[in-house]
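Shown below is the structure under consideration.
Letters A, B, C and D mark the chains as written, and numbering starts fresh at 1 in each.
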Amino acid sequence: MADKTWKTAITEIEPNKIKLRGYPLDELMGNRSFADVVYLALRGELPTPKVGKLIDAMLVSSIDHGVTPPSVLTAMTVASTGASLNSAVAAGILAISKFHGGAIEACMAILQEAKGLVDSGRSTDEAAESLVSSYKEKKKRMSGFGHRVHTNDPRTPRLFELAEEAEHSGIYIELIKAIESALDKSAGKKLPVNVDGAIAAVLCELDFWKNLANAFFIMARVPGLVAHVAEEQERQRPMRTIISAEHEYDGPAERHLEE
Amino acid sequence: MADKTWKTAITEIEPNKIKLRGYPLDELMGNRSFADVVYLALRGELPTPKVGKLIDAMLVSSIDHGVTPPSVLTAMTVASTGASLNSAVAAGILAISKFHGGAIEACMAILQEAKGLVDSGRSTDEAAESLVSSYKEKKKRMSGFGHRVHTNDPRTPRLFELAEEAEHSGIYIELIKAIESALDKSAGKKLPVNVDGAIAAVLCELDFWKNLANAFFIMARVPGLVAHVAEEQERQRPMRTIISAEHEYDGPAERHLEE
Amino acid sequence: MADKTWKTAITEIEPNKIKLRGYPLDELMGNRSFADVVYLALRGELPTPKVGKLIDAMLVSSIDHGVTPPSVLTAMTVASTGASLNSAVAAGILAISKFHGGAIEACMAILQEAKGLVDSGRSTDEAAESLVSSYKEKKKRMSGFGHRVHTNDPRTPRLFELAEEAEHSGIYIELIKAIESALDKSAGKKLPVNVDGAIAAVLCELDFWKNLANAFFIMARVPGLVAHVAEEQERQRPMRTIISAEHEYDGPAERHLEE
Amino acid sequence: MADKTWKTAITEIEPNKIKLRGYPLDELMGNRSFADVVYLALRGELPTPKVGKLIDAMLVSSIDHGVTPPSVLTAMTVASTGASLNSAVAAGILAISKFHGGAIEACMAILQEAKGLVDSGRSTDEAAESLVSSYKEKKKRMSGFGHRVHTNDPRTPRLFELAEEAEHSGIYIELIKAIESALDKSAGKKLPVNVDGAIAAVLCELDFWKNLANAFFIMARVPGLVAHVAEEQERQRPMRTIISAEHEYDGPAERHLEE
């Protein structure tokens, strides 16, 4: 039978030794953050400390967005039938698809298209305007802009600030801001960069493989799904009719990190 | 219809404000690690920096263990049919169940039982010996000890060391070591604490809810599953017959963190 | 490595021959119904024609129950994110768990317990009354009785009638009716046998393995889930907020089979 | 909030009445086969008895194909970790994707393209040859032809025979046979219509929505997955290393339906 011998470059297991991309796991433990090691697992190399911090921030930015996203409704509904936690989380992940989380990958494609225009001689503004009118003509929606709830998504400027600090604020972040301006001119209404767009731009800056965009959102959101599933199991009775909109927040009031 | 109004204490969403357990996400970004924020999402409070570092280390310890675990075989098999990355990861999570990952929760139950014996006046050694002989009598397997590949799992002493540094090495870690000794005496062969057992002991030290044990493993392993799915998509042809044992590692040779 | 040689008794594949439990598939095609062949796959033997018809009727009885069950909400929610049909159906199946579909298995356990009492000399009425008071005492709910919507589930008497015709109406159907009466006397309110209870009794009559109860419901409900997913994809826009209760039926008006 | 009132045309629930596409379920039970009612759920109308029998035969044709397909390996692997039956089946369904089961939809697309050529004046042979050379030129694989194991898939002629009996053997079956001949001439080797191709042609004859092709395969295969999961739970020990190829069939020897 063909194809029985195959290769993997991720983890090497020997008795009493587990090496991820060459590094012993026990050496990484306590010396590198989980975010650093996630980057190592996906990219093959450890990030610089600044990039590691940026990865941490991106994962934090998408950990949860309350009970209304479909992945949470799915996970809570499955949990309410008495299913195990892993089943509920798996179901939630099945809802992280084209229209939920998928905007990151779609926006990366837009930014790479724009970058192509810049590479062939256009200015960032020209590239942005050209793309915006082409999308308008084809009546296609530009992923990564606008938000159902937030007119100024607070995660966006914070992420751009951290990319700046990490010395990874370049052409892609310029381009996404130029597209935001072009959309404003073209549509006559503000469609500011949302968190998906901001993550897309930073992943482009970090030269991430586009196919990992959805993975990035999944890794960030799994702990959020776990929290909602655990809360469903603790606080709610089985088989309730879950209407996302009819909830009330009863957790801690706004508070801030101590200096 | 009953039950339409319900409460959640996880995340509060207002226009231009996303607060996790009260903290604005954009304030957490760049100031707290993902591991810290995972702890916040699940426990309601931020960990101390030392505990945060311990959480980081536990997540790192379980991020991947090569291609043989059933969750990886499942995820790669689904990916090989041309399924989307989120489907493949979700399928992998469905394999993180009673006998794969489940040892953490099972071992937490053993440690809590042992702690009960100590609370009622036994010494740690007496508690350990009593449990070991009771399990032996009932022919039940003790979860958290022994490993198919490793005779001395390198992650175990490292985790105990970090728990010590975090000032969270207490009765549960004493108890698991006492059980290891008692098993040695009783079975006449070494069944050392494996990484599941070590995580179980540390989660007990941190007073984690037992039902979150499996969740902890899932959160740690998702990036590993993503790496294997992405590698399958990049390097392998569709519908190959995957035989875990017939692989070869062709990644970087052993290397070490720079001082 | 141990365990590499293993056995299966389900399907034998040879070039140009596919035999299910010994029967060539192409010989079954057109000569036996899908329900007959489902029984063959699960039980190893073909059913009598009457039993085959009973299997058909049980599968028909559970094919769909509108948009409110959690499996349907889950499947539609996943579909609304742009996920593939198989992902949406898989997510729906994850919601067919302890409290949704699980009543069949739980009721089979009750009926087997009751049968044990009869085998040890009690009358059916005594067995029923004894179980009902024991459940009442322990404040445990009896699965298979009562329904949120139906006071007289029309599927129940129809299934019992077909079991009678198939000459498979015996002690378990007697027992479930006796329990219904005992519940009525004990609770002072009608808790009639629901479709889960009726299927449980018939599966007991047919000597089905209890662990297949949930499977039976899954096999019956998958086409219903498919219909809802396809309708979601055809008729609805992505990422809508799905509130089960706020739907309206706009399909064909009541109609009947022609004689 | 928009979109709260929505419509469904599948099932109407009233107290003590469940109507699928207008027909009371209890009236369908015992009078119509499950295959008929599956057709009703998906298409909105009951099939003629001959078409119902054809649906039955198609579902039977795909119920199982032994332990080697990836959906079975996935389901057995998940079951071997101690997961619940519904989790194992859901995981199996996630493997019914583009390259496994997906050939039905891909082949329907080919047949519809060929039909377009016929509609615009070509003969069936011309249409077939034109498509075959266009696919050859683009180096695209034609789905629905050839099989890893079977040189003459016994299910194909049987299905065509039953389509003939059901008076639904028309242009699409002619076209798929013409493509088979054209492939033979072009490639110089036999690539006979496989069961996916045969089902694709019959679904086209029945005017099925292409998006339901994968659903059709899922509905047929779920009982097969259930059988394998149940066998894994009954006969195998947890966490075994499953190598599909290393199995042996130990079920009943070849046998035939009695006349």
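Observations on the model:
Keep in mind that, in the parts below, contacts are C-beta pairs under 8 Å (C-beta built on N, C-alpha and C of every residue); 3 or more make two chains touch, one makes a residue touch a chain.
What you see is a predicted model, and the numbers here were worked out from it, not measured in a lab.
Between the contact lists of subunit B and subunit C, the overlap consists of A, D. The copies subunit A and subunit B differ by a rotation of 180 degrees on their C-alpha atoms, rounded to the nearest 5. In terms of their C-alpha centroids, the spacing between subunit A and subunit B amounts to 23 Å. Centre-to-centre separation of subunit A and subunit D, using mean CA positions: 36 Å. Put simply, the C-alpha centre of subunit A and that of subunit C have 40 angstrom between them. Contact of a single residue of subunit C with at least two other chains is seen at positions 1, 68, 83-84, 86-87, 90-91, 94, 96-97, 241-243, 245. If you draw each protein chain as a dot and join the dots that touch, every dot ends up joined to every other dot.
Residues 68, 70-71, 73-74, 77-78, 80-83, 87-88, 90-91, 94-100, 102, 238-239, 241-245 of subunit A are the ones that touch subunit C when the two sit in their complex. Interface residues of subunit B facing subunit C in the complex, by the touch rule stated above, are 1, 83-84, 86-87, 90, 245.
The part of subunit D that touches subunit C in the complex is made up of residues 1, 3-13, 15-35, 37-38, 41-42, 44, 46, 53, 55-57, 59-61, 63-68, 84-87, 89-91, 93-94, 96-97, 101, 149-155, 157-159, 161-162, 165, 209, 211-212, 214-215, 218-220, 222-224, 226-231, 233, 235-237, 240-243, 246-257.
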